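Shared chain: chain A. Partners: chain B in the first complex, chain C in the second.
Now for the complex of A and B:
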């Protein structure tokens, strides 16, 4: 027995009307009666019955027109209309179906058949309203999901905006909601004016793929701003993801460090498609191949943070992309494919590398797809980029102005530890030095790597004259560092206030006897590495001199009261 | 004619459905039928074929519901005459309907 509901009976014949309404009300339903179509429509509007029994031929308005109007009034809701007409009247049957009739009942009325038809129609009605409810629920859920994504994106944008994706040498293609497809693109200046770029692709879609992005972005921006090496950043990212992500969720990623004043590119790729470094000079290409497992899989002890190093020149271009690029498909469902992409890159003119790939993709797929990321980074002169200055802390904390400190870093520490971020953090406790953070970081990077590579490891920078030598140099550097048994680098700092402001003196010496006198005097840009670096020191420092006694290098940087 | 004047099994099931209201149903039918016959007379006098058809159709429906199979049969023939707009036989059919209805009324009004 179906649930009780209200049934409208439209029938002009009083005896038939009486008979039908008696049968229907005895089945437990509430009955409304109308003597013609117009009355039926009016009653429907007033009472919204759930089902209608409709005679075809009636005065004033016939059953066909009344049905059309009732169906229109019902809108989304299913109000079954059963026509009271004999199945032998073909013409009336067709008109009834056209008007929206759902079933037929012929005379003489049969109680059992009427009951069965009412039951079937009411079940259909219930099913339909369940479908409608579920549809509305899905719409509501979807709206809810989109709202959540908007909120999550707003929060994420606030974190991501710390970056420098807007820098003039970066171009990229990414849907605003790529985050929810697991794609993550970050870029930030390093304190010494270089740039770190991260492209990641989390497994999965939706919110689960997006949650890992927040801690990654924080690690990336926080550590990049403090001057950590990308090896340090990668280790921290891996460990963090390993700890928070469930098994089976990980992040394929490429992290680049663009050292613009030493003209060096460091690359680490774990699981992302091999990007491309393309030379402006001769158009040659180097694939930035994945040599590691994605982030968030291996334990900290087994994580390989080794980066590949390439010499770069102004005008060189680096192109990175996520899986979504080769996997994007056209209307026929055909994939773009790795091969087509490589051909497109090889055939494009150097200046149009990014445009060619983007246009090629759009021509193929017809529209921008949500789940692809493409980014191009051009190697430019450091001076053409906006220099980030460290925000001066708003606190009225007293700065330490009169002090000195000295640090000795010995073999096993030099092998595994980069002291610069910690030294920087200490130096920037002097609030007045904060505007000079970039300068200080550049100077420290320069003098520390100089002392380590030449003084302690005894490397000859003449090796770096060409690209092959360049790779050999970094290979040798790594080998010697791994085998290092003794040696040291000493960094001493002395800060004193004076009449105008203050002065910081940095003194560097090493176990190899310090910097040779003739190197310091070489001031020409033609000397491949040391010359360039030392020229930079002369530019940045207020004073720069060599101490005869221990061969130590001294750099003085001054600041003045506002 | 093989059709029965009143189908007893139909009347039985009507009694079962209507219970106390069975006499009201009979009365409603008889009263409504007189109105239908009046409409038919008028339509035939006016030679209004669609009106003949509609009135005959409606009358046919209630006759079949009430088990008056023979009467329903005459109505069907008149409805057909109205549908095809051939009203030559209509007055004769109407006479048959009037006579049959009178007989049915007598049966229905007889005490049970």
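Now for the complex of A and C:
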């Protein structure tokens, strides 16, 4: 038996009214009675009964109009109206339904049928109210979820936008909520004026896909700012994700390093679709193929941080995208597909690469889809990029101004360790050197790789005469480094205060006898792919000379009091 | 049933067959296919003959099986992969973790 409720009976015939009231109240329900439609509407407003028995033909206001008004007053709530009728004409029954009636009861009234109909209507009402409650609950949950996502995104944006996605040579397409689709795009300047760009795609959707993004962004920005190599950044990212993510959740990613001085692109791709490096000069394309497992799957010992190296020139463009691009679909449910994308890229004019792909995607799918990331990076002259200088710390701590230190890095250390970030950190303890951080990092990078590659590994930069030789050079570098048994690089630093400010002298020597005098004097690059480094030293340093005795290279950088 | 498993007569090898789309919807069924079996197999075969599609959460599920089967010591072969499935496995370089035939 259904729960007791209030039933409104609208009936102009007093005898019928009494009969119905008796049957209904015997079932345990409370009864309200009205003699016409207008009274019924008024009573409904006052008492909000849960069910109405409505005579069709009544004086003042008939049952059809009264039903319309009651249904309107009830709003979302289901108040079943059962028409009491001797009408048998089809037209009148249709009018009753049109007015919002839910059922009929024919005269003469049968007690058993009335009871059964009341029960059925009240069950329907209960079901309806459950549906309403659940609908409201879902709406509430959804609002809650969106609020949480907004907060999470706001927090995340503070971290993610610490970088240089706004740089003039980067263009990208990404839904504002891509984070919750697992897509992550990060870009930052390296201290020496290059750029690191990361595009990642976590497995899954929603919160589980977003949780790994925060630690990745922290590692990326923290280590890039300190000048770590992308191999170092990748190892740290992999290890961190392996530690925090459950088995089965991982991040497909591409990490790029653009060295704009040396015009070198380093690429590591683990699991993302192969991006494209397109040459301005002749339009040739190189696929940036995935050669590694995604991040967060294997232990540190098995992780492969080896990057591919490409020579780049001003005007070259790099295009990366996530799975969402080939997987985006049109209204017919057809996927854009990898083939169509590659054709679109191949057919587009060089300077319109990004626009063609974006427009092609939009023309195909009609609107921007949520889960795609597309980014283009143009190789530009470093001078055209804004360069952030390191903030001078506000602490009143005294800088160390009068000191010297010397480091020897021997074979096994040279194989596996990049000392520059640590040396930089130490040098920048001299607060006055902080505005020169980029310059110092560039100088150290140049002299260290010069000493390692030519002095210790005995590589000949003449090899870098063309693009093929360039690749061969880096292959050879890798091989010789792996087999290195002996050799050393010595970096000595000497900082002294003077009348105007101070001067830092960096002295580099190596087991190969240092840099030959004639090489140092070369002021112009010998080929498009080599020789830039040394010219750069002359430009950046206040003084640059070779010591005859040990062949060491000496670079002096000065700073002045404000 | 899209995912079924059958053990070899000696119980040393478990063959899991995938039908249709291998994606997040198959998560529970795939786990059941290797967790709710009476045998403790030494090696696993995933028969992809009937698999039409595989997404990144399916890759995650394969990693879960690999973990269950002993991590780096797991012996898992993926057989009868169609070219689409093979391509997805190769972009992620999963041939470093699974034997793909």
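FYI, the second predicted complex is superposed on the first by the 553 of 562 C-alpha atoms of A that agree within 3 Å, B and C clash if a C-alpha of one lies under 4 Å from a C-alpha of the other, contacts with A are read in each partner's own complex, and residues count from 1 in each chain.
In this section, contacts are C-beta pairs under 8 Å (C-beta built on N, C-alpha and C of every residue); 3 or more make two chains touch, one makes a residue touch a chain.
What you see is a predicted model, and the numbers here were worked out from it, not measured in a lab.
Clash-free side-by-side placement of chain B and chain C is the outcome of superposition onto chain A.
In the superposition on chain A, contact of A:291 is made with chain C only, not with chain B.
Of the two partner chains placed around the shared chain by superposition, chain C is the only one that A:271 touches, whereas chain B remains out of contact. Put simply, more of the residues of chain A are touched by C, taking chain B and chain C as the two choices.
Judged by the touch definition given at the top, the superposed model places A:197 against neither chain B nor chain C. In the superposition on chain A, A:323 makes contact with chain C only, not with chain B. Vectors from the Cα centre of chain A to those of chain B and chain C enclose 80° in the overlay, to the nearest 10.
Residue contacts after overlaying the shared chain place A:15 against chain B, while chain C stays out of touching range. Of the two partner chains placed by the overlay, only chain C lies in contact with A:249; chain B stays clear of it. Of the two partner chains, chain B is the only one that A:111 touches; chain C does not reach it.
Superposing the two structures on chain A brings chain B to within 58 Å of chain C, judged by their nearest Cα atoms. The intersection of chain A residues touching chain B with those touching chain C, taken from the two complexes, is empty.
Contact residues on chain A toward chain B in their complex (touch as defined above): 12-16, 18-19, 22-23, 26, 57, 84, 107-109, 111.
Against chain A, in their complex, chain B makes its touches with residues 10, 13-14, 17-18, 21, 24-25, 28-29, 31-33, 54, 57-58, 61-62, 64-67. Within the complex formed with chain A, the chain C residues making contact are 24, 56-57, 59-61, 63-64, 67, 72, 91-94, 96-97. Chain A meets chain C in the complex at residues 201, 203-204, 247-250, 252, 270-274, 290-294, 297-298, 302, 323.
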